[in-house]
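In what comes next, chain A is part of two complexes: it sits with chain B in the first one and with chain C in the second one.
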Partner chain A sequence: MSVDRVYSEPHLTFSRFNLTWAVLPTYILHSTFTMEDYKPPALPSPFNNTTPPPTLLTQGAEAHLYKTTSLNPSIPAALKIRPSKPYRHPILDRRLTRARITQEARCLAKLVREGVSVPALLALDWEGHGGQEGGWGGAWLMMEWIEGDVVRVALEKWEAWMKKASLDDEQTQAQEARVRALMRKMGAAIGALHKAGVVHGDLTTSNLMLRPVDTNDTNEVGLDGDVVLIDFGLASQSAQDEDRAVDLYVLERAIASTHPRSEGLAEDLIVGYRDSYKGAPSALKRLEDVRLRGRKRSMLG
Partner chain B sequence: MIAIGMEGSANKLGIGIMQHPKDGSPPQVLANIRHTYVSPPGEGFLPKDTARHHRSWVVKLVKQALKEARVSVDDVDCICFTKGPGMGAPLQSVVVAARMLSLLWGKELVGVNHCVGHIEMGRLITGATNPVVLYVSGGNTQVIAYSSQRYRIFGETLDMAVGNCLDRFARTLHISNDPAPGYNIEQLAKQGKQLVDLPYVVKGMDCSFSGILAAIDGLAKEWGLGGEEKAKEDEEKSSQIAAASESLEDKPTRADLCFSLQETVFSMLVEITERAMAHVGSKQVLIVGGVGSNERLQEMMGIMARDRGGSVYATDERFCIDNGIMIAQAGMLAYGTGFRTPLSESTCTQRFRTDEVFVKWRD
Partner chain C sequence: MASSLETINLPHLPPLPIHVAVYRDVQNAAFLKSQLLAGQPEYEYAFIDASMVLSRAHVIAAVFRALNDYSHSRLRSHNVHSEIVFSLNPTNNIAESFRRFGITDSTKDLLVIKVSTSPEITHETVATHLGSAVEGTSTSFDDQTLFELSDITKIKKSYKLGSLASPSKAADQIASKENVEIKQRLENALLGAIALRGS
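Moving on to the complex of A and B:
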């Protein structure tokens, strides 16, 4: 090819930041970096020193979720860490991380107080220390451990089971009724959340959990149990119909794209939501507008 | 197969000639020339002046490109032009020229989406196969990923483009528009040390810049840093400024404002790109568009990609900033699948979303 100068890697020079960048993680200064070199950032203390060590469950763009223990090794707890982002200016990084993690904690604390089904907040540090002495490693938040599957997994299991099981019409209807009941419970849980003056900001079937109940019938996939809302990383305190409607719209879209089989059943979500609190009808009215509007915007220039 | 690409959606007029060899070897750039309409400091480029510039330069540039590429008119297979999005008057000037050449030489026309042009050129130059694309320029800010024959927009700006935000702040500070306001902000920002608090507006995978511009314009006014006189002062004692800002830690300098603006808006861009990467499970990022030639943005994106175990692909100003070869490249890919733009449909449009294009050439 006649074209020559191509940057496959950016220039890693920090000379112009020599006054502001106090501590640079050593790994970003390596000139070569392969996938094998990757490891999640060091845990903030005291979690770098607990037995058993926390196990990494999921890694999102913003946060890492670990399972650990609280107070004594028999009490499990969920640990959410927002590692510092080395690409950001340290002052900006701290400002954002602190604002976001305290926002999440405030929402959780408020919801627990209002009796909404969410994991309880156990501990928080918005200036967690990193691997090295005094290093800024990010912020962390510890929550009650919720046993069970997320609704996405429960529905996937159910869909797979429905495909395999040969059911007559009556049995199929009975099964669908169970999903409808679940959808209504989800709607009611979201209604309780909105009633408390909090919007979730990222409702998907992965952010709703089913706390299982003991059932004798092991033939069926568990769809019973309490619905617990999790991951309040994008939550905010709002009582506006617009925000509530967007919450519902996002969940509707998520159900339609991840659970095509359950899409027709999602109406029950609205049914469950409608009766859950006084402001629900006006939020649902706004939802109709939001559905029409969608997200698509024609762009200028 | 040889194509001429004609681009003029903003203040850059670009003519490029690309060749896709018949034996299937990598495409070659035969000519890539550009002429930019530069407005005086403190002013943006107006559509009518920019259109006039394009009209008066387009013939010269096409002639020069053919000469540089050492091809004759007979060798050319098709004429590709920018259909949109962009500013109306400049787009129209170039589409008229493309139509004229098509009739004069008897060549077929291919209308190209400007954003798809950027993406295809970026993919060709860097060799990134299936990256998450951050397209950042004076008119567009989008996070894009390919999925089933469309370039889908995952996140975008809710108001103005990031390049527009930078350009307009350059106007406030009366920074030169030559070669580009963004480039001059980048140079000034290198002297900045103090981070000024600015709004930080990210909503999911979307972002917004107008509030940041209003805030920093307000700060510039408050500290008396805007306007022509300050810009002159800067030029006169540019050497003393670095020393002065160190002693006066409290009051930010013009450089500090540029530095803070860049740090804030680029952090937002990297964050939404990271979200999109986590969402689609991709490890490659490709940065295209004029703002993509900013080395600080490339550096920040590089650190983010590294932390995710991936890599960043970026190009320099020849391919990042609007050019003719990207239109030729994307046009030829479409042309290869049988796509043609009949003369009667050879219009341009200011609004043309990236996801409206059916990407037949990828699977």
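Moving on to the complex of A and C:
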């Protein structure tokens, strides 16, 4: 990423007066600078008068994720905001935002009813009002806060730890067995999701969380705990083998590209999935086709 | 009579404190309902049948939804208090929501909510008026009491959640891990239904 796009002001000073790095303010070198400098869109009401204000965690193309408190001040909650997109026609913008946020909320509510481990839906407003002007400012959705790391972070920690630790074959196998157990749990969680008639649409190791359990062994990297599925922004209700197979295929590819060391262990994902519900074998059969042709169906003919 | 009116400032919302009281063995439910139907301004409360309420979080989710709609001038019913009762309902039928969740002539246990929509409405004024208006035993607004008073079967029927397990009220099971989880799952399903109404 080029510097001038992110911090335009400091860059101007840098080029115009040709300062050396030594006299540049030190904050420019801080990696946190971008986060501090970035101004997210104003929060929709009522969160513009929340004290303390919600803290921004991540941002995607469609939504911002904040941490705040739930309606019980002692319990935290996740707040997902879909800000309005000023380049879209206002009527279309509202309609798309409303359709997408209610779709996500319906999926969450359905999965909670079916007992799949997902964050509970706490509150929702599909026509949120913007900060100062009081007009349309986007929609928001409040969810249960899930403690713990996403699986991507847990696997990265594990891979880094495996690199450092010099283990003999037997120990390596014991460690890999732990990852295999995690993969099976992930497969089972996805099976439960598909059984409930929902497909996720964007399964990656960043959209699976590990809710930690109390462990007495602090020596090892935590891979235990319940797998919780998050981010249903692209989810839809479907019971078709094709959609289910694509879900699994996308996750397989995500594991292969982000966790090369764990790639060989991903077959346990399928093992965990196969036994999770009645329709699983036929979805897995379709997965073999999808693997050969990719995520998109052929557009020929 | 010592009143146990609780005043709550909900997070996120503009300064709109709410006053909540729970009464058991209410004797004059029919009178309260007639006053409400006559539109007496001093009887403008959200009177909720406590048997239809599972927990604090359940009521507060409905209150939050009503107050959020109120502060954006999107009320579907007459006032913010009727909107609270309406918000408890999972469907869009206002009359049905009053029948199901509101006070009826046979209501025994009553949950009363008043929103401080104007500065004249304070903890003291609400406590004084409720103390003289409601003939019942005041008790505290907590999860244990609400769960005790709740009619799980009726709640599940209203929200069409028949497939979910019912938490047990038996003294030896009430605190067990499984029972707490069953109750939590039912509560989460209720919150989802309240949030999604009308979507």
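The rule is simple: the second predicted complex is superposed on the first by the 254 of 301 C-alpha atoms of A that agree within 3 Å, B and C clash if a C-alpha of one lies under 4 Å from a C-alpha of the other, contacts with A are read in each partner's own complex, and residues count from 1 in each chain.
Operating definition for what follows: contacts are C-beta pairs under 8 Å (C-beta built on N, C-alpha and C of every residue); 3 or more make two chains touch, one makes a residue touch a chain.
Remember, predicted model here, so these are calculated numbers, not experimental data.
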| item | value |
| --- | --- |
| Touching partner for A:120 - first (chain B), second (chain C), both, neither | second |
| Which of chain B and chain C A:52 touches, first, second, both or neither | neither |
| Partner chain in contact with A:89 - chain B first, chain C second, else both or neither | first |
| Chain A residues touched - chain C or chain B, whichever exceeds | B |
| Touching both chain C and chain B, counted on chain A across the two superposed complexes | none |
| Footprint of chain A on chain C - complex, ascending | 10-14, 56-57, 60-61, 64-65, 68, 71-72, 161, 163-164, 185, 188-189, 191-193, 195-196, 199 |
| In the complex, chain A residues that touch chain C | 45-47, 49-50, 68-73, 102, 105-106, 108-109, 112-113, 115, 120-126, 129, 142, 144 |
| List of chain A residues in touch with chain B within their complex | 1-3, 5-13, 16, 19-20, 27-28, 33, 35, 37-38, 41, 59-62, 85-89, 91-92, 95-96, 201-202, 234, 296-301 |
| Touch list for chain B against partner chain A, complex | 9-10, 26-29, 85-87, 125-127, 139-140, 156, 161, 190, 193, 195, 197, 200, 204, 263-264, 267, 270-271, 274-275, 277-279, 283, 295, 298-304, 306-316, 318-319, 350-351, 353 |
